[in-house]
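Across the two complexes that follow, chain A remains constant while its partner is chain B and subsequently chain C.
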Partner chain A sequence: MSFSLYYFLELTAIFIILGWTLYWVYRIGQLNNAPIAVMAVSAYLCGYALLNWGWPLILAFVFGAGCGILFAFIPALALGRAPAFAMVICTIALIFIMQTVFRNLPWFGGSLGMFGIPKVKKLLLITYCFVGFFGILIYRFDHSRLGRAAEMIFVDRDIASTLGINIYLFSVCLQVMTGTMGAVAGMLYVFTIRTIVPTYFGFAFLLSITTFIFVGGYTTMWGVVVFTPLLWGLTVILPESITALRNIIFGILLMVTLLLRSEGVIDKRFLRKINIGSKLVFMKIFSLFQKIKDVRG
Partner chain B sequence: MKAFKILCVILTILFFGAFLCFAGSGKEEEKASAPAVEKEEAPAPAEDDVYVDEWVIPGINIITGVAAYHGMLNEFGVDLALEEINSAGGIRGKTVRVRWYDEAIQDAARAIAAMSSALDMEPLVIMGPCGDYTKAAMPMAVEEGVYCLSTLTGTDVCKEFQPWTLCFTSEFEPQTLVATDKWVELNPGMKKIVHFINTQSSVWPAIAKAEDKGLHKLGIETVSIDVPNDAVNFGPFAVKALAEKPDGFVFTNHPNGMAKIIIELNKRGWKDNNRMLLSQAALDPTLWSVGEGYLEGVYAWTWYNPVSDNPSWQKLSKRHEETFGVPASFMMVWKGYDELYLIKRAFEDLKITGDPAKLTEERIAIRDYLNNCRDFDGIFGKVDFIDGIRQNPTFLFKIEDNYIANTTILETVY
Partner chain C sequence: MEVFTAQLINAIALGSIYALLVIGFNLLLVVGGIFPFAYSHIVVLSMYMCWIVLRITGDNLILGILAGILSGTALSLITEPIFRPLAKRGAVLSSFIVAMAISMIITDIMSKRIHGGVVISFPLTLQGKEALITFGIATITAGHIATIAGSIIAGIGFFYLLYRTRQGRAFRAMGQSPFAARLLGIPIVKTSIFAYMIAGFLGGISSILLAMSLGSASAVLGDNLALKVMAVALFAGLGNIGGGLVAAMVLGLAEGMALAYLPGEWYQAISFGMIMVIIMIKPKGLFGAMA
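And now, the complex of A and B:
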């Protein structure tokens, strides 16, 4: 496999996980950027355990994930009742706080960062296993009564409360779950890059992921899955002569999509149409086979 | 529904158009680097005959993002070197071309994408990466065993990837000590200095630390003020600095911020510009454009000489002036120029063939040669590379008429 393809697939998978972290909490109308900060915490602590304590990889991974979950849980307690806008601001602030903290802690290499993270064999396979695992988890959530409850919270919090849904608990649980996904994504990202610098987990990341989810569609989990490889791929495959126009192309795509389809390209109506369409295609194929069978018979 | 269909058509066209462009450029490169010996079946090739029709060197450069002008200036210098080298017969009789890849800036994922594309070319050597995210891209090159001329990455970072990287900036401490010593000698009586530092960068804090060490050694107290990359209003920095009642200022932050803080200090009554020292990498085009009219008398230290009378530099600087209206002063302008000439020298001295069968062997030979390349005829004159680090002199300049004065006050070879 070529380097470009390998890293394209690897980064796409990480972006998909991160896209889902945003998508999942947004199901209840909160835009939670904290997973980016959780990424930094897990990545740094896992890297530190590997490099300075010489821990085995699996142990360091579990340690990093555990710390990430704990870190996601503490602000979640305070942000559980926060309105959408307050949560956006608070969690962006959290990203900056984490960057500043790591930049000023000499044990973690300060602004220079940490080098020499060991290479992980079969990283691509591991990453896609995580994508599959988280994908199934979110799919099951979306198609359960929890998913319907989340939808109700998104539509109207008051009505959701009258239906007996504990919005606070729901929010905290989703934030911790997405924090877990962020922690895993952070460690996978560091195993891919094999260095850790505070600025890796910053605004550039957030902007990319937000674009993927809002262009792809934030009402279903499939928008991120389809549009992350497309949009990220577009930035990678552009020929050198138009590389400078990358941001313009990206911006136009974003504007056009949001203007024409405010819920993103792949929304629930789109999925329903595909579902009906695919059923029709199957029925036609089936009837065609029946006809052939009848003619032969 | 209609709008959605239109959108789908636009997206499809854009996507496939980009794919086709990409496929087109890939084919072109394949054709360009096809083995020369296959075309000319007789006579049989000698052991050190050049295998390729054209040398294609991947260059990882900052083409987009807030620092895109860095990449533009880098390409400017490279274009001149390519023009000179190709018109003089190329390298070992074959023309040279640079294939650029965008590492953007402050985006590790982009840096990785650029490096992976460059590595797919199975290159002998790579020009760049040059931004702060060299750290993200370099582990891949090291693992693959490809030598990178990530020349402007600080020594602290480069050391992590040696021997697979070449660094143009020397160790900060010895150079900085010489510069601060001389500046303090020219401005006696300073007891307290305010030091503006950009702590977000991985390079600036290391330089600032060395500068502080030099000042402390001379018994001068320093007070640090952090100037972030994204600062918009620079007045508060000036107010905070003046409240310390300092005797002078040292600036180790982004040139745009340097110029704006100097303006704010001047507006608030600071008159003695001689007591301002700009750190290396200050001589950026934004310094001159933003700070015009306020920089008179300010000192700046660097490790290269923008007023050098070396003919190569004069030629580049003149072309820069014709194109941009000011003589060249920023290091990105000449970085790529020297890199290409280094590659030329290595390829010619080592008789590099570009034969895929000898790829590993030739990559190692290039690495060993460039890491300890002596008497290289660079754009400013002869220079040595020892263990992958350029051995630089230190210069202290005074700014006059919105440019560095044509008098080198100091030239201490490190």
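And now, the complex of A and C:
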């Protein structure tokens, strides 16, 4: 496999996981950007354990994930009750705070970051295993009673509470779950790039992920899956003169999508249409086979 | 003590600019019915416009200041038709995402297409660095006085408009209930356009005051400023214009003191951390929302 294809596949998978972290909490109407900060924490701590303490890879991975989960849990306790905008602002602030902290701590290499993260064998397979695992988890969630409860919270919080849904607990649990996904994505990202620089985990990164999810569609988990490789791939395939305009293209796409198709390209109606369409095609093929069978008979 | 006094003067100047920015932000939030994340980016782009005109005209201050104020007003007005359908739908969170997209475009323009992405510096004549009053190492410069006086005049002008004019009553009515305002015969679209114009004008003034106070600007300033303005607005209570002034001064003071007594860039983390903790404890802000 070529180097560029490997990086494309690897980073696409990581971006899909990150897109899902935003999608999952947005299911209850909260925009939680904390996974980007969690990503930085777990990546730095895992990298530090590997490089400075010489820990084995699996132990460092578990340590990084554990620290990331703890880091996601503490603000989640306070942000569980916060209104949507309070959460948006607090979690963006958290990204800036973590960037400042890692940029100013000499143990983590300051602005230069950390280099020489060891290579992980079969990383692509491991990454896609995680994508599969998280994908199944979210799919099962969406198609369960919990998914319906999340939908109710999104539509009307007051009615959801009246129906006995504990919105606070729901929010905290989802924040911790997405924090875990962010932690895993952070470490996978570091193993792919093999360097850790504070500027990676910044606002620009968040904007890219936001574009993938809101252009793709935030009401289903498939929007991210389809549009991450498409949008991310565009920047890889297109000539450099156009790639330089990436942020402008992303910005315009995001604006146009939200103005013309407020729920993104792949919304629930779109999925229903595909479902009905695929059923029709299947039925036509089936009836065609039946006719051929009858003619032969 | 002298360091404290020097930082106190800087902090008051910075806090008064934040206050002006928060007024514009809250005006768009309450009257425009959107979450104007890109407002600070428009302010920073206006700083760039001022810098370009200053360069072209050989540091003609009047033209530079006019360029900053006019571009702030024009850029704010340009965004109005983009946000109008979202405001009509009441899609505030979507307006935040669209504003993020606008900020992404503005930041890209500033970081790649103006001055090769290099930090821009304003001429010393605009910054007004000459000391007027001196206490030991602490000095009050012409820039400080112009910044504080400019903010106070613009603030008083805005409050006069808000509480003493027909247009101000229309703003307040729309802030309370756009539906009731329409029933009372208030032209919603016209009032909204006027709110964007006023917010842009205040943003333009803020851009000049920021240029005087900071002396330089960069593409990342937009994101930093946006977060601070949003945090101050939330800290005071979203839409609470009076509370926003107090919160802006508190942030200015906290940042000024952290800048004086802490090494490196820790002041950023301190000011963001402080705001974050307060928002977590009182999510609706210190003074309550939409006053």
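In this text, the second predicted complex is superposed on the first by the 285 of 297 C-alpha atoms of A that agree within 3 Å, B and C clash if a C-alpha of one lies under 4 Å from a C-alpha of the other, contacts with A are read in each partner's own complex, and residues count from 1 in each chain.
In this text, contacts are C-beta pairs under 8 Å (C-beta built on N, C-alpha and C of every residue); 3 or more make two chains touch, one makes a residue touch a chain.
None of the values given here were measured: they were computed from a predicted structure.
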| item | value |
| --- | --- |
| Combined model on chain A where chain B meets chain C, clash or fit | clash |
| Partner chain(s) touched by A:Val295 [first = chain B, second = chain C, both, neither] | neither |
| Touched partner set for A:Thr192, first chain B, second chain C, both or neither | first |
| Touched partner set for A:Pro83, first chain B, second chain C, both or neither | second |
| Chain B versus chain C as contact partner of A:Asn247, first or second or both or neither | both |
| Partner chain(s) touched by A:Arg103 [first = chain B, second = chain C, both, neither] | both |
| First (chain B), second (chain C), both or neither touched by A:Leu234 | first |
| First, second, both or neither for A:Lys119, with chain B first and chain C second | first |
| Partner chain(s) touched by A:Val265 [first = chain B, second = chain C, both, neither] | first |
| Touched partner set for A:Ile92, first chain B, second chain C, both or neither | second |
| Stretch in clash, chain B with chain C, out of 2-10, 74-82, 254-262 or 344-352 | 254-262 |
| Doubly contacted residues of chain A, that is, touched by chain B and again by chain C | 103-104, 244, 247 |
| Complex contact set, residues of chain C against chain A | 35, 82, 85-86, 89, 91-94, 96-98, 100-102, 104-105, 107-109, 112, 223-224, 227, 230-231, 234, 238, 263-266, 268-269, 272-273, 275-276, 279-281, 283-284 |
| Chain A - residues contacting chain B, complex | 2-4, 6-8, 11, 103-104, 110-113, 115-116, 119, 192-195, 197, 199-200, 202, 204-205, 208, 230, 232, 234-244, 246-247, 249, 253, 256-257, 260-261, 265 |
| Complex contacts: residues of chain A adjacent to chain C | 29, 31, 75, 78-79, 81-86, 88-90, 92-94, 96-97, 100-101, 103-104, 203, 207, 210-211, 214, 244-245, 247-248, 250-252, 254-255, 258-259, 262 |
| Of chain B, residues touching chain A in the complex | 3-4, 6-7, 10-11, 14-15, 18-19, 21-22, 24-25, 63-64, 68, 99-102, 106-110, 112-113, 115-117, 119-120, 132-133, 135-136, 138-140, 143-144, 156-157, 160, 199-202, 205-206 |
